[in-house]
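Next come the structures, one after another.
Two complexes follow with chain A in common, the first pairing it with chain B and the second with chain C.
Right, the complex of A and B next:
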């Protein structure tokens, strides 16, 4: 509960922060807190991903963005009440939605009854992989996973091509034009 | 004993958070962020022993590495203002 209080305090501080560099640092703290909270909820793999992506990679990416754009924030030109109202309404709708959810860890919840028991029972015989999640991802939903991997691979290639193009232009300015062999 | 440790770590986290949000200079904030990451590692270790799951220590190690990368990136950004390689940056400056 104390962790959640800290999480909320961090979020409010980020929203009120005018210096974008400090805001980036605080998002790192926020990710660490979120990861700790997920660990307390007994989801270590989600916490692992949150820490690696939220605190590690996205801090570096946001700093790289700041390096390109500058770290000053434009003064906002509209009143904060409309966004605040939109956020409050959305949040209220989400909280209302959680009321229909079964209690945390309820053994009679639909997700515990269907279809996971059959997977847990049959995976060993059908696939022969001890880890059920690996069996689902790699075999039952193999084509799905292949498609996802293809999408991510394509995106990675596109980003690499974009970045390489920029490098070459920078080098192109540098090559001497008087017939000397380029480096 | 472990409970007391946990409360102490949480209080330290709150203090580091306060320093990170108030911190007059950028270096106060960096120190606070680094400290916060370290406290998260300690918290994970304590939670691991409180709930009898010492394998959480591995997670703590990974968090420490991530924290290190984040702080190095921050320092590099503040020192140089960009992430390019030094020779390349020199070329871009020209």
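Right, the complex of A and C next:
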């Protein structure tokens, strides 16, 4: 309960913050709190990944971008009431939608009944690794993971193409982000 | 069913809407990406919340077998989603660096003004 309150408070602080540098650092804290909650939800693998990727890699990438673009943020001219109203209406609709959701931890929720027999029952005989999450990730849903690596490969190429030739155009500006050779 | 059973969903929705607000109300492109990240994490938490079962434990087999395990599928999906999320964030940030190079600003209002002049 305390963790959830902290999480919500961090999110609001990030939203109100004018300094981008502080907002990025708070995003790291937000990711760590999120990882803590994931641990409580019995997902240690996801919590590790979130702590490493969300709080680590993502913060480093953001800081590298801030170093290239500057961390000043201008206040917006028009009033915040229209977006606030849009957000409140969407939020109310979503809360209305949760009325049909199964209660937290309900063993008879639809997700707990399928697939049957469950991955937990099948893993030991079919795959033989103690971690069911690994078994599903690597074997039952192996194509998902293959697709994921394709996405990362594509994203890597896109970043390289976008940042290529910066050295040629901006003289004396060295990129800290990747180790490509100047062309 | 007690209304407290839905408390987790409501916190998730609150986080989601905070991220949404940052994306639509703030003009700075990096701030928008930060908002998108907040939104994204809330979706992760929504999935994991659905997978958790009362009295369940982590789906890893130890010497002593537990009776109930939390559903492993949300964890798997979210592991994939986290990694894909950081990939898209990286591409977005690279685009922002190029926008800053081409226009000299990453404020949406200034970019609008420059585009209108041309």
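In this section, the second predicted complex is superposed on the first by the 125 of 183 C-alpha atoms of A that agree within 3 Å, B and C clash if a C-alpha of one lies under 4 Å from a C-alpha of the other, contacts with A are read in each partner's own complex, and residues count from 1 in each chain.
Just so we're on the same page, contacts are C-beta pairs under 8 Å (C-beta built on N, C-alpha and C of every residue); 3 or more make two chains touch, one makes a residue touch a chain.
What you are looking at is a predicted structure, and each value in this text was computed from that prediction instead of being measured.
Contacts of A:66 after superposition on the shared chain: both chain B and chain C are touched. Which of chain B and chain C touches more residues of chain A is settled by the count: it is C.
Contact with chain C, but none with chain B, is seen for A:136 once the two complexes are overlaid on the shared chain.
Of the two partner chains placed by the overlay, only chain C lies in contact with A:87; chain B stays clear of it.
Judged by the touch definition given at the top, the superposed model places A:44 against both chain B and chain C.
Applying the stated contact rule after C-alpha superposition, one finds that A:95 touches chain C and leaves chain B untouched.
In the superposition on chain A, A:28 makes contact with chain B only, not with chain C. Legend: residue contacts after superposition of the two complexes on their common chain; A:2 is shown touching chain B, with no touch to chain C.
On chain A, the surface touched by chain B in one complex and the surface touched by chain C in the other have residues 24, 44, 64, 66, 170 in common. On the side of chain A, the complex with chain C involves touching residues 4, 7-8, 11-12, 14-15, 20, 23-24, 27, 30-31, 34, 37-38, 41-46, 49-50, 53-54, 57-58, 61-62, 64-66, 68-69, 73-74, 76-77, 80, 83-84, 86-88, 90-91, 94-95, 98-99, 101, 103-107, 109, 111-112, 118-120, 124, 130-133, 135-137, 141, 144-145, 148, 151-152, 154-156, 158-159, 162-163, 166, 169-170. Taken in their complex, chain B has these residues touching chain A: 10, 13-14, 17, 20-21, 23, 26, 29-30, 32-33, 36-37, 40, 43-44, 47, 56, 59, 62-63, 66-67, 69-70, 73-74, 77-78, 81-83, 88, 91-92. Those residues of chain A that touch chain B in the shared complex are 2-3, 6, 9-10, 13, 17, 21-22, 24-26, 28-29, 32-33, 35-36, 39-40, 44, 47-48, 51-52, 55-56, 59-60, 63-64, 66-67, 167, 170-171, 174. Those residues of chain C that touch chain A in the shared complex are 1-2, 5-11, 13-22, 24-28, 30-31, 33-35, 37-38, 41, 44-45, 48-62, 68-80, 82-91, 93-98, 100-101, 106-107, 109-110.
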